[in-house]
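Before any comments, here is the structure.
As written, the chain order gives the labels A, B, C and D, with residue 1 at the start of each chain.
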Amino acid sequence: MDNYKKIIEDIYLEIRNVDDIGKVPNYIPELSNVSPDNFGINITKINKESFGVGDFDKKFSIQSVSKIFALTLAYKLEGAKIWERVDVEPSGNPFNSLLQLEADKGKPRNPFINAGAIVVSDILVSHLKNPKEDFLNFCRELSNNKNLNYSEKIAQSEKISGFRNIALCNFIKSFGNIKNDVDQVLDFYFHICSLEMSCKELSEIALFLADDNFVTHKGNKVLTMSQAKRMNAILLTCGFYDESGEFAFRVGLPGKSGVGGGIVAIHPDKYCIAVWSPKLNVKGNSFKGMLFLEKFTTRTASSIF
Amino acid sequence: MDNYKKIIEDIYLEIRNVDDIGKVPNYIPELSNVSPDNFGINITKINKESFGVGDFDKKFSIQSVSKIFALTLAYKLEGAKIWERVDVEPSGNPFNSLLQLEADKGKPRNPFINAGAIVVSDILVSHLKNPKEDFLNFCRELSNNKNLNYSEKIAQSEKISGFRNIALCNFIKSFGNIKNDVDQVLDFYFHICSLEMSCKELSEIALFLADDNFVTHKGNKVLTMSQAKRMNAILLTCGFYDESGEFAFRVGLPGKSGVGGGIVAIHPDKYCIAVWSPKLNVKGNSFKGMLFLEKFTTRTASSIF
Amino acid sequence: MDNYKKIIEDIYLEIRNVDDIGKVPNYIPELSNVSPDNFGINITKINKESFGVGDFDKKFSIQSVSKIFALTLAYKLEGAKIWERVDVEPSGNPFNSLLQLEADKGKPRNPFINAGAIVVSDILVSHLKNPKEDFLNFCRELSNNKNLNYSEKIAQSEKISGFRNIALCNFIKSFGNIKNDVDQVLDFYFHICSLEMSCKELSEIALFLADDNFVTHKGNKVLTMSQAKRMNAILLTCGFYDESGEFAFRVGLPGKSGVGGGIVAIHPDKYCIAVWSPKLNVKGNSFKGMLFLEKFTTRTASSIF
Amino acid sequence: MDNYKKIIEDIYLEIRNVDDIGKVPNYIPELSNVSPDNFGINITKINKESFGVGDFDKKFSIQSVSKIFALTLAYKLEGAKIWERVDVEPSGNPFNSLLQLEADKGKPRNPFINAGAIVVSDILVSHLKNPKEDFLNFCRELSNNKNLNYSEKIAQSEKISGFRNIALCNFIKSFGNIKNDVDQVLDFYFHICSLEMSCKELSEIALFLADDNFVTHKGNKVLTMSQAKRMNAILLTCGFYDESGEFAFRVGLPGKSGVGGGIVAIHPDKYCIAVWSPKLNVKGNSFKGMLFLEKFTTRTASSIF
C-alpha cells in the first residue's frame, strides 16, 4: 500500500489546483447544490486495506454508479437469460439517446445506458418482493455497511424533472421489453440512482469485482468468477457512455461514472479505487476523476493492458 | 506450454465438427475461393514458444487484422497527434457504415473500422517514401519473417468491387481528413488488407503487444509500453466492429478479426493466439474462431478481467 | 355533379372486389373490431351538393384525420406564432418515429405526425377553457352537425396501449415544448383522435378548405384565405406520413389519412371527397382509399397539378 | 399580363434593397466569382408572352434546376419503370446526406436530391448515344433555343471539388443502383449541372410543365398530361431539399431551386416564373428568390392551393 499511498497523495496535490474545465450539470436540480470543489479519492485493496485523501469520507450521490449493483443483483437472480433483454455492446451515442433503441427494437445496447438500467430495474421489480428495501439490503450486505441509504430528496428531484427517463421507459414498454407498471419501475429506478456513498464506501462495495474469492461478511458468494469477469468486461466497454473507449485508452481499467461526479474503477486481482469531483466534461464524466485515474494507472503501471 | 497444448487440442477436437452456422462472405470475389473447412489455431508465448493445431501453418488473407500493423506504424511515426484525425471510441454500427462519419464530420470513430483504417493509410502515405514496400518491410522486421507478402490477386479483387471503400475515402476527403490522392490511398489500403499469413505467423507478428520488453531481431523497440497498452485498449473496445462488447464479454482479451476468417487475440504478459476459420457470423466475425477463444480463455482462466 | 356521380360509381364497382393487400392494424385494440369490408365514398361540392356510395353513411373512427381540425383551431387561436413550435416540413420517416424529434430538439417536423399533433393539442389545452368540450363544439359548428361525438371506448383503448405517444409527449416535454401536464395533454389528444364521422360528414366538415368564401352556418369565417391555402399546402406535403410524396404523385390533392382507414382529400375551388376502407398498406394508409382517389383524379382530371 | 407586370415591378423594387441575410456558397469555387447583387425575374405565360425585370436576361449557372430536364428526358425514355430506381418521397434531410440512402439500400428518396439526380444521370447514360450532346439538344428543342450551353469551367470546378458526389455515386453503385462507369456518370452529371440560362430562358424552357397542350416547335409532345402532372407533384414535395414544405407553405407552387441562386416555379395552366439572386438561406435556397415568389403568389392569389 505504501507505494500506492505516495502516488495517490502526489497526484492529488498535482490535480487539486488544476483548472477544472468541467461543469456541474443542471438537469437534476438537487445536484447543483453540491460544492464543485469537492475532491476525494479512496483505494481499497483486495486484502481490505484502505487509504483515502481529500473528501474521501464525504457522502455524495453516486447516481449511475449504482447501475453496477442493480445489474449485479439482476444477473444473480436472472442468470444469463438477462442478455435476452439487454445487450452488451457499447452504444456509440450520448447516454440518453432514443435513436439506437428504435433501431434495436426496444433492446437497450447495454445495461449501463439509462435505457438498459431501466430494463434492469424492471427485471428487479419482477423478482423482488419489496424492490427498494430489498435492493438496499443487498447493497448493505455487499459492503457490510448499514449506513447506505437512498436520498429521498434526490429521488424526488429526478422524478419531477425526469421526462426523458419517463419517455424512455414508455418507449421500451411499447416494444414489450418492460413488464411492470411504468410508474413503479421508474420510482425504483430513481431510488437506485439516489444512493449516497463516500469514496471510501464506494471503493469497498465494488471489491467483489476485484477479488475472485470474494464472499460477503455473511459468507455468501456474490457472483461466480465467470460472471464477475463478464461484469468487468461490460464495465470496460460500456461504463462511460460514449467515452468508454477513451477511458479504456487513457486509464485501462473497468469502471463506471455517475453524473454526481463519482467514478469507481476496478483492477481485477488488485484493488478498487473511487474518485469524486463534481465537474463533468462534455461527455458527462468527472473531469478531474478521469485525469486522476489516468495518472494513477500510468504511474503504478496497473492498467489491465 | 504443456497446459495450453492439452487445452488447445481438446477444444480443437470439440469444435472441429461443430455445425458451423457462419457463412463465407461473397463481397470480395477472390475470398470465396477459399475452402470453408479450414480450421487452424496457433499460440505463441512471450518466451517465443509456439504451438499449433489443424491448418495452423497455411497462409490466408488476414484482411482487417493487418489494420493493427498499419496503426502501429502510423502511431510510431505520428505519435499522439494521430488521435486528432481518428477517435478511439467503439462505433456501435456495422463496420462499413457511413452514418457515424457524417455525424462526426469526417473523423472516424476508431482506427479499426474501414473509415479509420483508410485515414491511417492516408497518414502512412504521407510519411512513407514507398508506402507499399516500406509497410511490408515494417511487417517483416516486426516478425523477423521474410516470407510475408501481399496477394496482388486479392488486392485487385477488392479494388474492382470496393465501391463502398471508394465512397468512404471520397466522403472523408470531402471533410478534409484525407490529405493525399484518393486513388493512391486506396491502392495502399487494399494492399494492406491483402497481406497473407498463417496462424503461426500471425501469432508471432503480434507478440510485440503481449510483451512489455519486446524488441525486434534488429534490437528495435516497436512502441513504448504506454503506447502498446493503448493499442490493446483500442483492440479491446473496437477490434470486432459492433460485436466488440460481445468479444470482450465472452473472450475477455484484446483482439482483431478479419473478413478472411482470422482472429488474433493478445494476453498482455502471457501470449498471443491466432485462430482461422472462414465462416463468419452475422456480425462479420469468424464463428468458430470466437467459439474457440471463448472456451480457451475460460479453461485457462486467462481473460484480462 | 352528374359527371362525378358516374365516375364515382364506376370506380366503386371496379375496386369493391379488388383483392385488398392491406391489413387492419392491431395496435389500437378497439379498432380491430371493425369489419374490414366496409367501403364507402362521399363527395361534397362547394355548392354543398353531396353524393355517396357504399358505406358512405356509416360512422367510423377518423383518427388522425381530426388532426386537421385541431390544427385549424390552434392556427385560428394562435396565429403564425404556432410555427415556432411545430415545423411544416415532411418528415421522411415513419409516423411515430422519435429519431427526427431528437435531431430537431423537440420541435416536430409538422403538425400531422403524432409528435406535431401532440404539440398542437398542448397549444389548444393552453387556449381552451374546457378543451374536450370546446373542441367538439368547434367541430360541430364547422360542419353544422350536432351528431359529432368522441368515442370514449376508442379514447380509452388508445390510452391504455399508447406507450409510444406517452413516450413522445414526455420526450417533447424534456425539450420544453409541452407547456401543460402530460396526462392532460394526452387525454385531450386521445379524445381528438377518437372522433367518429361518416364519409358524408367528413366530406362536409372539411369543405372550409375547398371554398375560399366559406362561412359557418353562424356566419363565421374559419380561416383567412391565406391561412386556408397554407393548411392545404401542409396537407399536400405532410398529410400521409412518409407516403406523402406518393399521394401527391398519384392523387395530386391535399389530403389526410387516418389509421381507421379514412382519407379526406380537398380540391381547392371544387370539392371535398372522403373515402373509407379499413385495410392499410405498409405505410399506414388505406389501400383501397388511395387506389380510389388515384383513379378519381385521373378520370376527372382534377389533380391540382 | 398587365396585372402581373405591375405586381412584379412593385415587388422587385420592394425587395431589391432588402437586407439579404443569405450567403453565396463557397463549395463550388467557380460559383463564388458571381456578383451577389444580381437580381432578376422573368415570367412567361402559356400564351408565350414574356416579361422580365432586373438581371432577367443575364445567364447564370442553373445548377440543380437542370435536374428537372434530366428527369423529364429520363421519364420520357424509361417510363414508369424509372420509379423502381428512385422514389418520390421528400427526403427530410440535407440535400447531400448519405444517411437515408443507407437506410433505403441505395434507392434515393427522390430525383431532386443529388443521389437521385445521379441515378437519373445513370439512366440517361444507358439510353443516350452521346449523353452530353443528346441532352443538350433535348434542352435546346424544349426551349427552341440554340444558345443553351454547358459551362466547361463550372463542370470542371465541380469535378475537382466534388468528393461528396463521387462518394454518393460509388455508394449507390455498391448497392447495384448505378449501371454504368462511375466516372462517366459523374462527368455527365457535372455537365448537366453546369447548364447556363437567363431567367428569361429558364421561364421559357419549363413552360411544358405549365401547359397541358404544350408541343415543341418541331411539334413534339414532351410528356403525357399525366406525366407532367406527376412531375409537378414531385417538384412540389421535393424541389427544395428539406425546405420543400416551407416553399409549398409560403409560395404554393411546384418549383426547383439551384445552388447558383436560381428558382423556377410553375403554375399549371397559367405561367412559369424564374427568379435569380445568388445569396442562399441556410437551407441552400435563394433568400430573395423565395421572398419574391411568396409575395408574388400572395398578391396574384395564384398559389395552387
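Assume a residue touches a chain if its C-beta (ideal position, glycine included) is under 8 Å from a C-beta of that chain, and two chains touch if they have at least 3 such contacts.
By chain, UniProt protein names: A, B, C, D = Glutaminase.
Predicted model, so just to flag it, every value in this text is computed and none were measured.
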Self-contact between copies chain A and chain B, residue sets same or different by half: same
Mean-CA-position distance for chain D and chain A (Å): 55
Rounded Å distance, chain C centre to chain D centre (Cα mean): 32
Chain B and chain D, separation of their C-alpha mean positions in angstrom: 47
Per-residue overlap in chain D, given as positions that touch at least 2 other chains: none
Full enumeration of touching chain pairs: A-B, A-C, B-D, C-D
Residue numbers on chain B that touch chain A, as the complex places them: 87-93, 100, 109-110, 225-226, 228-230, 232-234, 236-238, 242-246, 248-249, 252, 254, 268, 298, 301, 303-305
Touch list for chain B against partner chain D, complex: 97-99, 102, 163-164, 166-171, 173-174, 182
